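Here the structure comes first, spelled out in structure tokens, and everything after it is commentary.
Which chain is which? They are A, B, C and D, in the order written, and residues in each are numbered from 1.
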Amino acid sequence: MIKLVFFASLREELGCGSLEIEFNQPLRLSALIKQLEKKKGNHWGKVLASESVKIAINKEIVVNDELLSDGCEVAFLPPVTGG
Amino acid sequence: MIKLVFFASLREELGCGSLEIEFNQPLRLSALIKQLEKKKGNHWGKVLASESVKIAINKEIVVNDELLSDGCEVAFLPPVTGG
Amino acid sequence: MGFKVLIQTEAIDFGKEHGLLQDSGDSVGAIATFFGTVRDFNETRKVESISIEHYSGMTESELKKILNEAKARWKISAGTIIHRVGKLHVGEGIVFVGIASSHRKEAFQSCDFIMDYLKTNAPLWKKERHDGGEDWVSSKESDQIFARSWEKGSY
Amino acid sequence: MGFKVLIQTEAIDFGKEHGLLQDSGDSVGAIATFFGTVRDFNETRKVESISIEHYSGMTESELKKILNEAKARWKISAGTIIHRVGKLHVGEGIVFVGIASSHRKEAFQSCDFIMDYLKTNAPLWKKERHDGGEDWVSSKESDQIFARSWEKGSY
């Protein structure tokens, strides 16, 4: 199982705060996003692939096309605005 | 009358916090210091003419050899160390 | 005492937090603080209230990383970062950063640095309620520029 | 509210002063403060207590000038400078500077600026009591350098 979480404006744009997908075999982030696009529609692909969106795996920002493992949490973060 | 005030280390070095001198005629700062030196000794002249000493007339720092008027207050300030 | 990071819904007790920093050791001679509050305007819009969302767990770990980076760059004795989440009204405190050090420049710079990194790295999002409805706050390019100004060698 | 300068012998009520700055208007979004306290060492010497002397009247007018200069340079909503005089023990507050502004950089910079100018321009003198007796504190060359860093065009 891989847990996906979406925050703030992303959550509202996608109408989804979190979802779980079954883990069949190791896959890269880019493959995950393609899979979501196929399942949920073009809108998802466009939103999640936006340059301004950062991705965290297990609460650590990643910049490369990481390989995802079973049980990980993948978070999609719009530009932060705290402080 | 001209009021002279001495602060902090200067007060201790001179053994004097304040003193008043009679005002006879307009005089410049440099003349005042010479007058003090004559009256109180070389030590005063040396201490007051030190480059690190700042002078305020009526609580405003002056940098030139100002002309002193009757009733003014002349303050001799060692380097400040507040804050 | 030392270094702490808190995410909370309750108001920030400024006097208490400042007192803790002041009591953090006899070598403390300088305490610099920053307190961010909810303004009544943003860009050109009148703001009524804000609500703040965050990524629980990651926020805390990012703030700890920022505090550790400040410790690595400056000689500081104690440091506190507190960020509120949830609904806040105009005038209320959003964030508190306080640094205790022996010398003032270390305290000022590390506090300023922490705010710049917090603004660009901590997973927190503000939504504003105004008379026209609600909107997510946009991130500011200037904050990115401020954060980059702390790259090694540039200050 | 606005801008105030105080010289006092009593302890500085940090929470109260911060509260006043926070209440200084709905456009306030940033409050930066500096609090200087008595350290237990200076240079290499153990300090027991300090006493602070000042030039009554001139100190207040110099601090007002510094606050006015800060207002002229940055957009700030309110500002407070409080300096204690008399005898102070290790850990006690000496000076408080607090600035409220709409934006954080203005608040940080003006607070930093005020401390640098206060250190070099306000007629205040510290005497330290240590195990070997009492000595007037020497002024620091670094403070002169910090103050000069604010000359127009250099920041």
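Methods note: a residue touches a chain if its C-beta (ideal position, glycine included) is under 8 Å from a C-beta of that chain, and two chains touch if they have at least 3 such contacts.
Being a predicted model, the structure only gives us computed values, none of them experimental.
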{"item": "Other chains in touch with both subunit A and subunit C", "value": "none"}
{"item": "Inter-centroid spacing, subunit C versus subunit B (mean Cα positions, whole Å)", "value": "49"}
{"item": "Subunit A and subunit B, separation of their C-alpha mean positions in angstrom", "value": "74"}
{"item": "CA centroid of subunit C to CA centroid of subunit D, Å", "value": "22"}
{"item": "Shared-contact residues (touching 2 or more other chains) in subunit B", "value": "83"}
{"item": "Two or more partner chains touched - positions in subunit D", "value": "36, 104, 115"}
{"item": "Chain-chain contacts as defined at top", "value": "A-C, B-D, C-D"}
{"item": "Sites on subunit B touched by subunit D in the complex", "value": "5, 7-9, 12, 56, 59-60, 75, 77-83"}
{"item": "Residues of subunit C touching subunit A in the complex", "value": "36, 52-55, 57-58, 61, 83, 94-95, 115, 118-127, 136-139"}
{"item": "Subunit D residues touching subunit C - in the complex, by the definition given at the top", "value": "14-15, 18-19, 22-23, 26-41, 90-91, 93, 102, 104-105, 107-108, 111-112, 115, 146"}
